[in-house]
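What follows is a group of structures, each given as structure tokens.
Each of the next two complexes has subunit A plus one other chain: subunit B in the first, subunit C in the second.
Moving on to the complex of A and B:
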């Protein structure tokens, strides 16, 4: 029976106790003509259900690559995972086959990207794309009856249900007149509305985790605020778990509960948002917060972090931040600092802080 | 914009195109060096005979009058007659044109049906074995001259293996189906005459296959290139990220993006094949327009030349309109733009 394929599995309740997502010691390299680029050098990241975690860092620090490793969308080759584990609800993702990954993405992960203009397919109506998102995410890797079989009553009913769900998703993401506008093409929508459509597509199958990779970077400032507000309200309404990637500390401050700071392929500090802004521990985080323009910018001028982001082909030995660090010690040049607790739910990876006894 | 309105607008554009085309062909047929009347009347003809012939053909009148006469003739179905055979041009075109149309259409269909999947597979398995096979094959087919491949195929499949006839559209003893379109395959189907259909299909297959090789190669390559380009688009990553299966992404979402370039190449190939069919027609003794066109050009027989030019112009324009319509169906931005 065609209908039988569309059961919606019950949510695992026991999963709440453990981590939803657990990235341990992830190492990722890329082969290029210039040499091997060590993009990720031991990323550790944990997320529990209901978390809204901001992942911040400079361009090229590996935050997008960390995010893409969860639905395993890093092109391999040239990419290569040399060490580490990514597990989701206790399942090892890295050992799954590609077809298992397709089902996994449909079931567990929704993802939105930076540019809403290029991320929608220009040749298909919103309806076509959104209905497919609903159908395939519900089917989770099983077959979906194509539109050409629409003459079958069972197929027509499935597609009609998916259409209604699509309109519902448009309403949920705040697109006015969804029942009419669903027949429009992407170019008939504004940038902000397209990003809403993309969020709707990502949420079509009730994913456990929404990964938002710089969702507001390509938008106008006023639209940015709307999209962030939308994400916050979806978190409140649906209990979403969100991994929000951004280079903008202001976005993190407004939208997240926890924040992880990345530098050159590692998470170097992680804490609740308020704690991080009030009490940054890692010298890099301190520099990053000091570099945010303040209201009294005319008096003090802008602070920056001296130096450049490191070369990832020949990264600095030891702590990759040491060439730019004001508090550098001899040991920083020799060894990679371990991650230590520096407060309640606050960790940093820096030799300034003694390891746990 | 409504798709129907879009199509109507494209068709309306056909009229100025054809007027321009007719002026161009008419002028070219009149400016080419050489004296068609002299050639037609023969070396011994006196000036009086030539003048009489000129008057008979209407060539003594001013050019604008000649053009208007020619155009009114065109619309009345009188496309002039050959200087040599004295047969009416439209009648000759009716005889020879369907054969060429059938051959080139079959070749384009074969090239598309083989070339698009080959290009898609090539792009899906980029830089792996299937890709290398498809690329070597297409390189092979563009590199060899088609007349040489034609003779090889004729020898292998026609003479050695005996699977296919080696020439003509039908055996001498089989009567062609009543001419509705002049395309034997279509006409025999209309008559539900499957025996004739099969026979003419076997005659058509090898020439069409050989003619399709060059088009196959270019269609494969452009499909591969535009698939590879479309696969790099952001929306592919997005579709994968939310769990749309890869095969659906390829065949539904990416292929449509790639087909726009492919359609362009298919329509261009249709034109090239019509013009290039002459070699294949000669080798397979295919009674098409190619030989007729060559004879007419060599003897400056200007009425058939103009007739052929106008016919090809009309066909090109129709193919172009179809292409535009397909663009509009594939890409809403073109239709609305």
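Moving on to the complex of A and C:
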């Protein structure tokens, strides 16, 4: 087992107080035949180690793009980062080379996606796919200098260890009979179980950050509850940091400690979960919460937000929410509101709140 | 208040083929002995997880699928065996709105043509008369006049759903089957569409059969809720009753699983084991074997009785207008053991 120990990638121990992830003023554009789509327009987001942050917003607000910019999975071209910084544990991600990025993705970031069907290859068993993930992160984990080669474990030994690790990951993600089911194909698993397999795969590299992009949207509500409980238990067990992307405010209320609300390419409000639901500041956040059918809303009492999500090729000038906002002022049409503190650990970017509280 | 729709013992089995000669070896019981009634001007919610048979019931009511057995009474008339020609008249009475707004609109037709087509088919309206009616309908659902010559892909999801609603309203139906009308939409748009549907109901005195998996939406929209599990109704009651005092363990679990946007809410969270099992009949050799008993028994979190695994519980009225199918309910008659 000494060999196995040798293979475990060394983890740089950074201080707990520092930011794990720091996105500053990120601008992202896409070239399309219709014009330049300004997807992100100055996203600021910080995550500390152990955070469970919910990133909420409607279709097209840029929440997935923000998340994908961390492992740099945005296709470029047509994508283009025009300004901003993304740093992870203090390292600048945007300046890394592609081979450095591969090692970075394998060791630091795990991702799970919305659709558990398309993200598993139907032609291979779960074992092949999960073992692949384990081996890949290992290979990326540490480049072994040539003179150590003689001490390396045999291929068979490595595969055996990877298999054991895969079964262990399946147990960790709550798949019953993992040692037998690992030989099954994806179609033999139900939707909830497939999502667990994908979570297992994401955890193969023992990542610092787990990005979950709408992990429960394709699942039934009882299965959703199971998966959310699993994610919470993984946070407690492994000390994971989770960025949970969702459009469902209920999921956020149940699973997250902090929330960032996005609208049209910017984070417009950020706060601890309780504070956000009890004391929402930004008119968009208020509208979003009021639009969810809740317990004591009687017939006809539901309020939507008038209008539609703006076109990102020609976004509205100033605050991008102003055409739909009930509290719109002249300044909203002219300038982009700065992000100001509106409470302890609570920020909003809206002209309703003065810059020095 | 009259009963507009009554469904009695509806069954829809799909054949499962296999074996050497590809014969029918078993059946998939999508809808298994479902009965309910819908009062005129009211909204009944059909709720269940995917695979519980809610859409199949909706399609059977429109006779888009032929029921295997059972009876559908519309306005007192048995429509289960109507011929195709007679069905056409029924189509103007019962309409359907679909889940995926983009897929349910023909991408090669303009909005005006899409909404005008049912007017031509059912009322032979064309020309300016049809155009005036279409514009009026577009106004009712909140579309603008300049949208008349546009194509569906030029619209957002919420507006596409408005086109679908206008098309359904064109023939002045009395009953509309809404199959997950807002599940493809964002919350802020969902709220707009739900409010529109409520306004239209008041304005035109419509009756809705509202199919959804979203209990929050159902609570907002429906007067009465029926919960389905594997093709069977497990509980029916008025909406407030279902949400305040659910009796069936499945209903309790489902309600506890709604993610409420309220972090302060304290409640017991019931997490069900496993997933929806299969609706294949006991004859199926492959797939989940279901011998009998309550379909929910394998996932049930309550203390089970011996009957749960052997005898299917009947749906009985335990309180006024509140029906439950569960052996654990005290009002359930003690089943006599079947003679061996």
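In this section, the second predicted complex is superposed on the first by the 329 of 357 C-alpha atoms of A that agree within 3 Å, B and C clash if a C-alpha of one lies under 4 Å from a C-alpha of the other, contacts with A are read in each partner's own complex, and residues count from 1 in each chain.
In this text, contacts are C-beta pairs under 8 Å (C-beta built on N, C-alpha and C of every residue); 3 or more make two chains touch, one makes a residue touch a chain.
Worth saying up front: this structure is predicted, and the values here are computed from it rather than measured.
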{"item": "Partners on subunit A (subunit B, subunit C) - clash or fit", "value": "fit"}
{"item": "Which of subunit B and subunit C A:174 touches, first, second, both or neither", "value": "neither"}
{"item": "Which superposed partner A:111 touches (first subunit B, second subunit C, both, neither)", "value": "first"}
{"item": "Angle at the Cα centre of subunit A, taken between the Cα centres of subunit B and subunit C once the superposition is applied, in steps of 10 degrees", "value": "80"}
{"item": "First (subunit B), second (subunit C), both or neither touched by A:309", "value": "second"}
{"item": "Which superposed partner A:224 touches (first subunit B, second subunit C, both, neither)", "value": "second"}
{"item": "First, second, both or neither for A:293, with subunit B first and subunit C second", "value": "second"}
{"item": "Touched partner set for A:54, first subunit B, second subunit C, both or neither", "value": "neither"}
{"item": "Touching partner for A:84 - first (subunit B), second (subunit C), both, neither", "value": "neither"}
{"item": "Shortest CA-CA distance in Å separating subunit B from subunit C in the superposed model", "value": "11"}
{"item": "Set intersection of subunit A contacts, subunit C complex versus subunit B complex", "value": "none"}
{"item": "Of subunit A, residues touching subunit B in the complex", "value": "71, 73, 98, 102-107, 109-113, 115, 118-125, 132-133, 136-137, 140-141, 144, 185, 187, 198, 201-202, 204-205, 211"}
{"item": "Touching residues (chain side subunit B, partner subunit A) in the complex", "value": "233-235, 237-246, 248, 252-253, 256-257, 330-333, 336"}
{"item": "Residues of subunit C touching subunit A in the complex", "value": "49-50, 156-159, 186-192, 194-195, 198, 213-217, 219-221, 243, 253-254, 256-265, 269, 271-272, 275-276"}
{"item": "Subunit C contact footprint on subunit A (complex, rising order)", "value": "58-59, 190-193, 220-226, 228-229, 247-254, 273-274, 277-278, 287-295, 297, 299-300, 302-306, 308-309"}
